[in-house]
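All chains are identified by letter, namely A, B, C, D, E and F, in their written order; residue positions are counted from 1 within each chain.
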């Protein structure tokens, strides 16, 4: 009966993409269900997976929206 | 102070619908709030309900996105 | 594939009880699964229910821990 | 390692707005991260914040969708 | 910035155990963080994992607490 | 109708403490409710706050349980 919830920012993993692709999502579903089978012996059919895509401006880290945080880190690493 | 969160796939419950209707959502809100009143004597005004609609490709069961799982089950039941 | 999460405070619904009973929890599970069947035609076997019990001091309403809020309301209603 | 999740209804805080603005979201991120620093001494860099915007018809209080509840309250206060 | 939440029932994966072991939990943390790196190229340091252990009587499937459901399935398979 | 969920590790903020104190929790409840009032003009009475305490071994960062991660960081900073 495991439930795996994966929250990711809505952004592409490569040029020209605006979000995770259906293939990437299927890989997350497959991989996390397999993990529960491998580690805790939970049958694949007993695991639910939910992927939640969070808009960039809705995700904060270090007290800043994540886009601002990244800009700041790029500047500081120059 | 109960909080009820209901996660459902974003899909219609009948032909020509792409998602749960406002009436269906209102019925979920009413029914789950009433349940907390009936079982635990929580006043309606103390219960919050949140409905989260999950895109079909973001929901996995049995290691597969839910649409693929259904196709596979239809094939195996023929 | 619905997932219903029910968050309640950990407290008894009657004298001498410190938490919801197993029977009350079973009633929440049965009732909320039935609701999804009645409203959205979801088979019972497709619905997961998770009950989360929240310690009284971990639940806030009106800017106060819920126990303090209740005391204040009792005073103000005298 | 704190994670703060803030669920709000998707509606504007002023005329002509349909949702919280990016500035308001940034203020929620900053304020809640700062709170964890002030109260529990958690470094800003250890705190994640997720803002979830819930459609009005997906949020219930008092057994009703929140828009209906507000209408009813306005009527009863006349 | 991914957050992975893994909800499992509090029960042992072998005789004499009452819950997942620290090693099993570490394997879930490692495996799910690695999955996000493999699939979406998210650095390990950007991923939080939270494991939530749900009491058996707090988890429902098929309209029943999960322990009752298992008993029923054993009977029906005889 | 905002709901604020604050997930923290179960550990003391000072010597001799094993968890956040009731006072610290009350400060989190007060501060986050006030934040919603300040930023989005939400009345205190419309905000619920839930604090979830996560066992140290149930929280992962950087692919490791959080206690192991801290040890590793201390070593690497010597």
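Simple rule for what comes next: a residue touches a chain if its C-beta (ideal position, glycine included) is under 8 Å from a C-beta of that chain, and two chains touch if they have at least 3 such contacts.
Being a predicted model, the structure only gives us computed values, none of them experimental.
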| item | value |
| --- | --- |
| Neighbouring chains common to subunit A and subunit C, by label | B, E |
| Least step count from subunit A to subunit F, where 1 means the two chains touch | 2 |
| A-E compared against D-E, more contacting pairs | A-E |
| Interface sides of subunit E and subunit F: same vs different residues, half threshold | different |
| Repeated interface matching B-D, over half of the contact pairs identical, chosen among A-D, A-C or A-E | A-D |
| Separation of subunit D from subunit F, taking each centre as the mean of its C-alpha atoms, in whole Å | 18 |
| Separation of mean Cα positions, subunit F and subunit C [Å, integer] | 22 |
| Whole-Å gap separating subunit B and subunit F, where each centre is the average of the chain's CA atoms | 29 |
| Whole-Å gap between the CA centroids of subunit B and subunit E | 22 |
| Interface hub residues of subunit D, defined as touching at least two other chains | 1, 3, 7, 28, 32, 48, 50, 59, 61 |
| Graph class of chain-chain contacts, one of line, ring, star, complete, other | other |
| Inter-chain touch pairs (all) | A-B, A-C, A-D, A-E, B-C, B-D, B-F, C-E, C-F, D-E, D-F, E-F |
| For the subunit E and subunit A complex, residues of the former touching the latter | 1-9, 13, 20, 24, 27-28, 31-32, 35-36, 38-42, 59, 61, 66 |
| Parts of subunit A lying in touch with subunit B, wherever the complex brings them together | 22, 25-26, 28-30, 32-34, 44-45, 47-53 |
| Touching residues on subunit B, where the partner in the complex is subunit A | 7, 54, 57-65, 68 |
| Of subunit F, residues touching subunit B in the complex | 1, 3, 48, 50 |
